[in-house]
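What follows is chain A paired twice: with chain B in the first complex and chain C in the second.
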Partner chain A sequence: MKRFSVITLLISLVWACTSDNAVSDEPAEVSFERGPMLVNWADNIIKPSYESFSENLTTLVNSFETFRADTNVSNLISYRDSWVEAYMSWQTVAMFEIGPAESVDFRFSMNTYPTNTDNINSHLASGEYDLSLSSNRSSKGFPALDYLINGLGDTDDEIVAKYTSTDKEELMMYSEDVLNDMVLLTTQVLDGWNSGYRTTFVENDGSSATASVDRFVNDYIFYFEKFLRAGKMGIPLGVFSGSPLPENVEAFYKADISKDLFLKGLQASQDFFNGKHFSSTVKGESLASYLVNLDTSEDREDLSNVINSQFDKSRELVVALDNFKIEIENNNPATNMLLAYDEVQRLVPLLKTDMVSAMSIGIDFVDADGD
Partner chain B sequence: MTYRNSYISNPIEAAPLAVFRVLFGVLMFISIARFWSYGWIDKLYLQPQYFFSYYGFEWVKPMGEFTYLIFLLCGLSTLFIAVGFKYRIAIITFFISFTYIELMDKTTYLNHYYFISALSFLMIFLPANVYFSVDAHRNTKLSFKYVPAWTINSIKLFIILVYFYAGLAKLNSDWLLKALPLKIWLPSKFDIPVLGHFLSLEWVQFSFSWIGVGYDLAIPFLLLYKKTRNFAFVLVVIFHILTRVLFPIGMFPYIMIVSTLIFFDVKIHNNIISIFRKIIRVAKPKFNNEETYAFSNQFLAQLKYVIVGFFFVFQILFPFRYLLYPGELFWTEEGYRFSWRVMLVEKSGYAQFKIVDRESSRWFYVDNTDFLTPFQEKQMAFQPDFILEYAHYLKEHFESQGHKNIGVFVDSQVTLNGRLSTTFVNPKIDLTQEKESFEHKKWIIPFQDEIKGF
Partner chain C sequence: MKNALLILTLSVSVFFTSCENDDNETPINAITPTCTDGIKNGDETDVDCGGSCTPCDTGIVNPDSYVFEREGENTVNFGGQTTRLKMGDEILSAFKDDTASAAKIQAMYAHEEGANDFEDADLNASDKSVRSKTAASKDLFGANATDQALIRAEFDGWISAQVDEVFPNWNVAAEAGTAGQIADGESTRYVSAKGLEYNQLFNKGLIGSLTVDQILNNYLSTVVLDESDNIDNNNNDIVAEGKSYTIMEHKWDEAYGYAYGLNADAANPNADLGADSFLNKYIGRVDGDNDFAGIAEEIFQAFKLGRAAIVAKNYEVRDEQAEIIKEKISTVVAIRAVHYLQQGKQALSKETPAYGTAFHDLSEGYGFIYSLQFTRKPNSSDSYFSKTEVDTFLVDLLGDGENGLWDVTDVTLDALSEAIAERFDFTVAQAAE
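Let's look at the complex of A and B:
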């Protein structure tokens, strides 16, 4: 009996080894390699996006310096334009909250809104503040600049008047400190990617809960659900509170760009899904091509199409809207925006349930046994 | 009659039962220690603010810091079981504390936890301490070399049932004809050395599916039949080690490997006991007194037979209760648990709850992360009884905040074995008007596809 089992074991081992040789060069066409997808993400999407954002931020700082040197309406307008451009550019990097961005708390530091004007005013008055404190996350970044550039008066003349009043020094100083903080953090993040994190990210190409793909997909969905869907639309619409909160729209003081900021973020999310290289039409390995490759059932090949058409449909409805603040303030209930929100919402289960299930990626790090 | 006797009342050597007791105690001790050391007591039973209850067991809840005491009690009882000291009290303590732990939150339900609960219940009625135990050592009146055959056969029968039912459940069109869900799970294990390379190949996925179902159905008989037993054990070891490598299933593979030892001859168990003896340095075999264990009290003996009989009738029938429900079992999960349906579905869901205040007709969505841990949210989103229970909890919560006359609706999407997600619960149904019961939940939207088989 013992001999029999030993023989069987040997036979199965031999069988296992021979089949190993027979098919070892085949799997390449069948299996999807996560490594190249990570390379595509890092080299063609994440790093170029950060670089471009960093350049926009430099332009913003320069515009501010010009405005500071020669404080007039025309320079305020070009300072504001640079701010809008940088804010739009921010939407293409906001979802990459992993590695260096995560460790400097990038997203909350750059874009926590509504901004805390009481806090900003008291900082202006006292001149004593430390922007690196997490309690100051809502007193800096783009929303603080929104207040400083657009919220200090009703007209550009009124705003310029503030910057030429007795408060001039404090305002200029605070603006400079906010900008410096943003530049510092962005430099840290970009340096992090250039000096080693890229390698760490790309080489962690396994399939555990801590592997890059699993972690990043979770981060990506988290961004989509909490920051794009809820932050930019759901919360101002009041879908989580029961009553509209128009003061919670992104860029509240500028007011007419909140929709554009959302659309930019939506486009960036879709481009990332499709692995589209930054500011190019070339597509590389992506979540979409991964889904096509998995092809686990008759339906599965369609999933990437289903997700893309849902992205398109969401965009279509949002594009047709007025600016978010107007939609919310002028309509009660804001029916059109709610309908658009519903379409954006439909992407969440597609990404969080269908896509993640197909890729066998755990949602969040649930550390427990299964059976 | 002799046939009956040879399986039930004939005396057989008690060594296998003693070995089983020792190894069970040791493995359970490791399980509890492992659970504790990973910080799971805190994470699963202290941190959450809400716990999902089994129908009828709503009174079983974690007790804050005292939850550690339950685990301590449970862990201590395993040591008493292993050495066979105050065995009856120890196994009852273990059964109650372990089952209590499992009932605290059904989020953590696993078939193998249920297996442990059920097995420890059965062991209450078995004289597992009459041989190679402190009890028998201290009191020779409790020491016996032989026990009635049924006491060992009942464990075998239970293991056979578990394997066979797990195999039956896999006889369905998704598993056999589509290699699902292995087709989804295996490719994601591409980074396992050597094997990982092949897991995305379709023929490998089909082979794993078919070999898996063949293994579950055949292994009970291969273990029973003397001539194939050694071979079967080799298979058991390979199979469970493989599942351990591929899936995060904790202690279960080791528990099954050790459990199947019960099928072996007494000779092997005597060898194991002499190894134990060497380890603990007890030289003299004091237990071979040639006595047969007999139940002292005739009434209690009869009662035992009745209880164990009921246990098996229950175990045989309960997994088939799903036949009483309409709809696809994998979709509705009505009658899914406690039926040895292991690794059968890749299921995932998304549930967004809408609270409607009927008086002011205001409404808002719930952020589930305000109430549930990520693990609880994940489990809740595709199981109807969780969804209903959570809806009632939300109603209570928001009514205590001053909202009145609240309705709770859910927008839910579920994907099963790679099918595109579809609506799971009727979004027009106010869940606060629905009650939990053993009846079919009519508000589940029927499965849009068909899965044939068990």
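Let's look at the complex of A and C:
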């Protein structure tokens, strides 16, 4: 907290120095209420996003049941389409790793990639596995389904052949177990929000390190930095390891959607920043309106604009790319994708330094120890 | 030959003694000390030089990197240390193979020449072992076979506990009172019923009992450096039989090897700190904390200058560097102990306590606390903490409830952190991040 006193002091000093040019010598009163922002987040963004995701998951399960009952290429394609839709929908909830989601380790349980195909094959062979174990997080969720739906053969005929071979029972059973696990976790998270966490979250409207806004802003930035920026782009690009790892793209077995998954996550992040209601154009109180409200001087209004412009610029460069796997495999270095990554990276200091210091929020995470 | 040397030494001593007598005859109450009065006074380290005067001409040639030669031939060798660090890394891997038997891991730890214990055939052929150098320094254990045996038994115990308690529960979810696996971010950790990761205890414990103990309490000790006729031989450039180095040079290099034995370019080790899982890695980690930036360079420079001083037969400068190394490396161990206690506390204080993350941190902290008994205060024969004090800390760490780390409180973690930090020149807050 000491840091922020110093920052406040510096800001005061800057004010003092520039007061000649300002309309008023008095700093604007901070009138922003954090409570309504939390209500907007919980009721108009987080809960509706989870509800929609949950529905997509139900559709996915139904498509699987259809495929199981009548195993053919056409039903495989429907099953895959439902998987893509649910995976896209997942991108709108992946950032909410707080409360019930954190308790069940939702994000790693649903989307740890690259998936561990050796482990999956060993589970298929033995029929003995406990998907609730930490070590099985890389053998379940969307990436495991990616392997099971897209990775078992080069063509749809080959894949369907697997599901009609002597391995049929094991494959169907494992797919069902993975889906059941995803449904169970999602239900727990949604129930958690409906049965008390919403109130806990909204009522914890102070401004301390343990207040909901401070906590969630940390979670939001952590998601942006580690999962969106690094997980979906930086790691496959080899930014951290020094050598490209195209096999680490999200949805590796259906690599033409990796870019779309990223863009969905980027859009969800920007929409959250702007307080946009789920699946609507209506906006409520948000990090953006908080920044505008904090200070009516031009500087601060600029920051929310700067952040939105940077989101837009990032999107523009990513949209222009080919699919991620092709970008990485066919270009060395993958210059265009690296340029796009750099634009995404520019959002990190804007959020993690400029935005949080304006809001007097401390960052509580550091780069992992790595051992 | 020996007699001739003895006479030479004696006459040199007499010569020096008479000079000192001359100096002492000068009245000392005449004037305030100056750098030109022909007397060693004030804060001078020799006559009219050192301290606040211009540096003394030590005759030391301090190279830019850790490169020392005699007649064009390299004199730096620490193959035995490199071998043990490699053995250590393989032992740590075995802790994570739930099909390994206790006998197998134990055999790796107490390797015997020719036994087929390791993946690396060179290690199998070696007559070195990690266990024989655990708690094996001359200064601390030369006359304390009891503690040595107790400490080695503890390392043996962590091996058997891993195999007997944790391996059978490899595919069980850990909970209070039950060993098993637990998530730490995207990693999976394997802990005892009390939340301890035995591989971390073994790893961080070896940082103290092997590397720090061998460096600070053995090879940098005058008992070892000046053993037998090492000084005479070094003074006269009499090398070890069939070698390019004097015994004293080699002892110093063996200390160096425990710190830098696996770096790609051992002459410039700070370029890739983290080359092994032991002291090297954590010199790098502490150096990476802005509060302690530069400590890696200070340690390296002291090693280098001390070695150059041996070449120049300047044992005063050599020993000054040894004291610097003792203080800095001891500080590295203490900083990491406090760091992990505080990281563990932070993980437990989350809205949803991150038990797996906390247990990983606190198990590392446990090992670093254990290692504190192998530190060494500069200009002292004592470690910063006695074995008894360390044992008490560890009892406290696990003593808040019957399930060990599952029950540990912030109060305990803070009290331990403060108790460690207060003997050093850093604060808990500095070490925490």
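Criterion: the second predicted complex is superposed on the first by the 331 of 371 C-alpha atoms of A that agree within 3 Å, B and C clash if a C-alpha of one lies under 4 Å from a C-alpha of the other, contacts with A are read in each partner's own complex, and residues count from 1 in each chain.
Basically, a residue touches a chain if its C-beta (ideal position, glycine included) is under 8 Å from a C-beta of that chain, and two chains touch if they have at least 3 such contacts.
None of these values were measured; they are calculated from a predicted model.
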Contacts of A:Gly196 with chain B and chain C, given as first, second, both or neither: neither
Which partner reaches more residues of chain A (counting touched residues only), chain B or chain C: B
Touched partner set for A:Gly99, first chain B, second chain C, both or neither: second
Which superposed partner A:Asp130 touches (first chain B, second chain C, both, neither): second
Partner chain(s) touched by A:Arg215 [first = chain B, second = chain C, both, neither]: second
Which of chain B and chain C A:Gly153 touches, first, second, both or neither: neither
Shared contact residues on chain A - chain B and chain C: 364, 366, 368-369, 371
Chain B-touching residues of chain A, taken from the complex the two chains share: 1-2, 4-5, 8-9, 20, 23-24, 26-27, 30-32, 34, 205-208, 211, 230, 234, 238-243, 294, 296-297, 299-300, 302-303, 306, 345, 348-350, 352-354, 356-361, 363-371
Parts of chain B lying in touch with chain A, wherever the complex brings them together: 38, 40, 43-44, 108, 110-112, 178, 180, 183-185, 187-191, 194, 197-198, 200-202, 227, 229-231, 233-234, 247-252, 342-343, 346-350, 352, 355, 357, 362-367, 374-375, 378, 381, 413-415, 417-421
Touching residues (chain side chain C, partner chain A) in the complex: 171, 173, 181-183, 185-186, 188-189, 277, 281, 343, 346, 350-352, 356, 361, 364, 433
Parts of chain A lying in touch with chain C, wherever the complex brings them together: 98-99, 102-103, 105, 108, 112, 130, 132-135, 137, 210, 215, 364, 366, 368-369, 371
